[in-house]
Each structure stands twice: as structure tokens, then as C-alpha cells.
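Before any comments, here is the structure.
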């Protein structure tokens, strides 16, 4: 059990009569890049919210980073990293002010913040941009920076919600290299994306349809199982059977 | 006469140059794609061509009318679907369609033949409020509304962004259908894999056009040898492969990494150099639009 | 094209009807405000607690105290020969203290004979609320000096609002406020919402001049405002007993002019604002506050500092409130407010002109 950073059983979330997430069970190993795919309205966002401690499941059980998803949402929030495409950083603060703010939120000491910030900026070749307003950075840079900030407190697991939407192909790859690097260093990555080529980058992929996890395996084995050339086709085969919309 | 003719158009917002001397032409009845990431200037270009903005420099014509002088005429004959869902969420499907018909002074019945293939799919939900529709259905409604007055040119700004792969594919089928009805379509997308669904594409980045051609010819322009490499540990492979002799570029590409090499490269030697990489597998690869985009961006 | 215009009006009405919560607020605001200002909040001074300090309880003193005790506005909370005045005021036990001189009888007689003496009565007032203090002092003065002798010297006669009911005074002001709120704020927000939602882009890229759609937008708000006008007039007449002795039509006429003016103002705000929040802020900060402060609704214009005196001239609500006061409370005919009518019409044309000119059919 301890090898799994995320482990959920029969996790369910209902909104009134509507079962958004229907008894999903899966485990995510430490250091894995776990792709979490699903058509619009499949319940991806709801499931991710439960795993991030933002909402409590209606029923089921599970742990994220060792904390109970049914009861310890606050602890989960403190011990994970989270980055979404929509809200990433404060545009009217500088790069450094953003780092300091988020480091502060996660309770890093002043000296520690300084040390890690310098390290992050060097790794990203951002040292010269330390005092630049985030709003004036190109989108790709912002996304890289916001990933660096989401991991500033060295969480064991990072949740990435469509982190590369609208980013150019080069920056998108640089971003994935950061993900690779983080995973190589032992951080678990939990990522959603609409780019099917990115699904191939993942160690394992799960595909949600109508609130249930319909497939979960390595990309290679999924492609074999569905006798297709690409994850794109695997996804289409599964998602075409979807009964409900958004 | 071409349906859209853009000559050397530039547009700045403050210090940011959104478009920098762009020129291209779209033939009548063509399905033309603008492919590029956010910040490429696609939306600005759409707003110029739909007469919402005036250019700083250069000129453009849509359906034979100048975008500055003839803007009223252009508004009569184009259909436009902006990047965001821009229908009335609190009105029903039917009310939205009726309103847009009234806006263009037409009757829904008179245009029913053209919207039917699309609208029929959402007609069962015509009393549902637009805000309660799924992403794919919203898109179909928006397209129906943009078509209600039988436009000769259709502008679609990132219609497939944020939509799942299945709905995206369906949407492109609908566009192919409209093209056969003689409508000129200019469509933008950040997804490189959608380029193959267009007759011709322009690859755009940071306000410039990197290349314009048919998808096949764009790919044909990729003149360096390309390999796909795989291994058990893909990250380790990425780092090791970049150090190998003759490797110009190595980047992740789906299930494999793509390797662009020069004359010095030799497969046997490459394998020897990466002997410690478990499960190494290398084979020649076919370049894609995305490979070409990356190459053009780096130039 | 006529059918077109109607379908735009229909679309706009649907927006309003679908948003039940907002519609309820819009329809209830006038009722709530009228009742609030009419009954709850008033500048009338009621139940003033008065402590009395009189070293000698002479006949004259007793008469004054009786008058105070019998007056509905005052409650006598203490009658002593000496108290700690400061403590009484500070503790809030008394709002005012009336202090009689030891020689009260004597001083009064001397005064009556025309001999100049030092004052016989002192009022000490808790002036932390200046409004209450001012009005209260005036009341006190009236009651205390209502002596036979003084009554002959002082003849106070209140016109138009003889009971000095403040509700009357507030009705025209509230009307000025409500119409700005609904017409200017609601229309501007609803226009700006289209910008924010992106629907404005689609509207612009159509052969219909956007201004036509905008004008269609105003109609339902105009209708709602007319319903509000009716509600207000009914409440004013039957609940607050505002006389309106010269009939209601002149009030309706001037109100309709003011409604059009407010709509034009809303249109102007919408051309400036880029988001609903900005539109709300502009309406609240730039429109509502100055209207409340400078229209004479709460603070008399005469009391403004000299530098600010010219400002009310450009505040439409001031002219409306003033005219409305004449029509509603003084019961004058429409011909008496022709100046205000002319000014309001002029302002409407200027605002309409500016906002139509400023309204662009492009994004920049």
C-alpha cells in the first residue's frame, strides 16, 4: 500500500440525482507520470477535485500522499502541488514576488525560499527575469514558471490540469521535459490533457467515460489491446461510447 | 478573385506587435487553416478580417470588399464564430437561432437546408438553454447561428480548443461538408494534428507566418533525416541521445522521441554510444506538420 | 425591419425574465426604499430624552417642565436640583439637558420688561449626531419659549409640510435615485455584459447597426421603470399620504423625461466601461454618490461649501428632485417647473448625442 502515492477505491461523487463520478478505483505509483484522460463531461474535473482535497467524495475511500480523501482534505492540500491552465500566477506581481508568495503559502522559511527560488530560476534560465512582471512573460514561460512554483515545496505528488493548452510545440516539449525531470527525481505527476500525443508521454494512462474509469494501462498496452496505432484512436474508441454530455 | 486577400497587414496593441506584415490569399471554396499557438496573432487576424478592428498597416479584402472601406458590405456576407462561446446562455437553443436569424433579417426556414446537417443533431434539445448544453453541442449551435444567413465566407476562431478529441473530429467532418457547399472557410487551431483536415494551412507564430502550403507539401519540405527512438526510460534516453554524435535535435514526440540528425550520424554508432540505455529501439520516421513547425520556429 | 426590432426587444425581455432574482430586486427596490426612507429612516426627531436641572422648582419652571413632559417628542428622564450633566450625556441617559437659572422667575420678568439680562435657560445638547442636535434644539426652543408673551413675539408657521414629516421630502429624492439605479445601472450592465460574454463581437459582425440593438435593449428597462413609477406613486399617495394636490400627470411627464435621461446615461457608461464590475463601479461611485450628495436629497444644496456650489447644476437628479418636490409636495402645476423640464430635456439630448457618438461599431 505504501508504494502507492494515490490509492482510491469506489470513489463516488453525486450532485443531487446526478452521479458525476461513479465508483472509480485505481492506484498511482510513486514517481509515475499518470495521464488522466476523459471526454468533456466525463467527470475528470470532479474526480481531480476530490483527489486534491477540494471536495469530499459522497462515498468510497482512498488516500493521497498518505492522507484520507474522505476526511483530511486540508492536509492533502498542504502536501500536494497543483497547477491549472486557468489560474496560474498573479500577473501583476513579479516573478520573484510570485515565488515568495507561494513559498509563503506552503510555509517555507525565508532562507529556504531564497535558496529554492534561486535554484528554480537558474534551472529555468530565468535569473535575469527575477523582477519582471509575470504578466509580461510569454505564455510558455508562465506555464514553466507556474510548474516550478507548484513544486517549490517539493510535494510528493503534483496535479496538472491541462498544463499545456495553447502553448507552442517547442515550449510544450520543454514543459514535458520538466515533467520528466521531476518524475525522474521521484515526484509523482498526475496530469490531464487534450493533446493525445502527450498521453503517450505518460507512464500509465486512465480514460474516464461517463463517470467511470474505462481503461487504465500503459499507452503501449492500451494500443495493443484496442489494436490501434495511437492513443488518439484508443481515446476515440472509448469516448464514442459516451452517453452523457457535459 | 480570391475570397480573402491579405497584403502585408500589421497590427500592434501598445508595445506588442500582434501581427507583423502578414500576407496570404484564400481561394473561393477553400478550407484554409491558421495553425499556431496562443499569441500567434490568429484572433487579431480574425478581428481584422471580420472588420472588428482596423489594421495599422497593409490592406485586406474579404469577398472583394476592403476591410476598412467596405466593412458594412463584409458584415452582410460573412459568418463569424469567435474564440469563446458567444451565444446567449440564458436563451434556449431555438431562441438563439431565431435571434440570429432576425439579426441578419432572414427566416430560419429559408436557411434550414444549409444548417440542417448540423442543427438536426441539437434540434431535440431546442428548448434547452444554451448554457446547459455540452461543449460539443454548444459548438454546433454556434456554427448553426454563424451559418443562418448563408455567408459566403466563414471565420472560425479556434472552434476546437478545449473540446475533446471525439467532438473535434466530428467538427472537422462538418466543416468538410460545408466546404462542399461552396463556403470558403478560414479556421484557426492550436492543434497541429488538425492541419491535415485543411486544404491549405498557414503556420503562424508570434505575429508572423512561418510557411503556407498544402499539408502534404509542408511536410514534404522537411528535408532532414528523421528517426524515432524509444527506450524503457524515455527521460534518460532524451538526455543521452542529445549527447550522441550527429544528433542535431532530439525532442519528445508521442510514444517516441524524434531525432533530427546530420551527415555525421550513423545508426550503428548511435546504438553503441547508447549501449547502457535499456530497450533502445530506433527506426526512421515520417515527419509531421508538428516536426516542420518546430523546425521553422527554430530557424 | 420592424419585425426585427421587435425580436430584439423580445430577446432583451427574455434576458430579464429569465434572471428572476435580478427582476425581483429591480421590482422590489422601490418598495423597500420607499418604506425604509418613509418610516424607518427619518430626520424627524422622536423620543428625545431630556434631563432637567432646576435649583428652584418655581411655578414658571414647572410650567416649562409640564410642557416638555406632555410633548410627544420629549421624554423627561430626570428632574433634579443638580446632576452631573456630563455623566448624564456621556452615559446616553439623556440626549439633552435643560438647565434653569436659580433666578429663573426673576430673569423672565426682567426680560419681559425689556431689561437686558443674562440667559435664564441653558440647553446642553449631545451633538454627536448633528442632525438630531440641530432639529432637537429647534424643537426644544419652541416648546420652552412657548410662553404667552413669547408666542405673541414669535409666530412660526410651517408651509407645505405642516407636520414636518420628513417622508414627504424624501419621496422626490428617492425617485431620482431609483430611476438612475434601474435605468442607468441596469442598462449599462446589460450592455457591458454582452461585451464581456463576447456576444457583442458577434452582434458587431452583422449588418444591423449595433445601436439599434442597444435601443431595443432600453425598452424593457423603460417598461420596468414605468412599473416602478406606478408603484412609487401608489405608495407615496396611499401609504405616505403625499398630497399631490395638482394631480399625478405632471409628475408622470417629468418622470418619463428623467427616465429617458437615465437611459442615455446608462448608454454613456456602457461605452466607457469594459466589464460589468467597472460599469457597476462607475454607476455607484460616479453617478449615485454625487446624486445623493449633490441633488439636495439628503443635504440641502444651500449648505454646500462655496467651491462645490456650482456642481449641483450639472447633476440631473437635482433638477428632477426640485421639480418633483414642487409638483408633489407644493402641488404646483406643470407650468411652474418649465425651467426644470427644459433643463432635463436639454441634458437628455446632450447625453444621447454624446453616447451615440461615442458608441463604436468596432472593437477599438
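Going by the order they are written in, the chains are A, B and C; count residues from 1 in each one.
Keep this in mind: a contact is a pair of C-beta atoms (placed from the backbone, for glycine too) under 8 Å apart; a residue touches a chain by one contact, two chains touch by 3 or more.
Just so we're clear, the structure is a prediction, and the values are computed from it rather than from any experiment.
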For this session: Check every other chain and keep only those touching both chain A and chain B; list them.
Result: none
Problem set entry | Chain whose mean Cα position lies farthest from chain B | C
Exercise. Which integer distance in Å separates the CA centroid of chain A from that of chain B?
Worked result: 26
Exercise. Per the centroid of Cα atoms for each chain, what is the distance between chain A and chain C, given in Å?
Worked result: 56
Exercise. Which integer distance in Å separates the CA centroid of chain B from that of chain C?
Worked result: 58
Seminar exercise, completed: The residues of chain B that touch chain A in their complex are 36-40, 133-137, 161-167, 169, 190-193, 205, 234-236, 238, 251-255, 290, 293-294, 297-298
Problem set entry | Residue numbers on chain B that touch chain C, as the complex places them | 47, 50-54, 72, 75-76, 78, 80, 82-91, 95, 98-100, 102-105, 129, 145
Seminar exercise, completed: The answer for chain C against chain B in the complex is residues 1, 3-4, 7-8, 11, 14-15, 18-19, 197-199, 201-208, 213, 362-364
Exercise. What does chain A use to touch chain B in their complex?
Worked result: 38-41, 138-140, 165-171, 173, 176-177, 180-181, 183-184, 194-197, 200-201, 219-220, 230-232, 235-236, 239-240, 242, 244-246
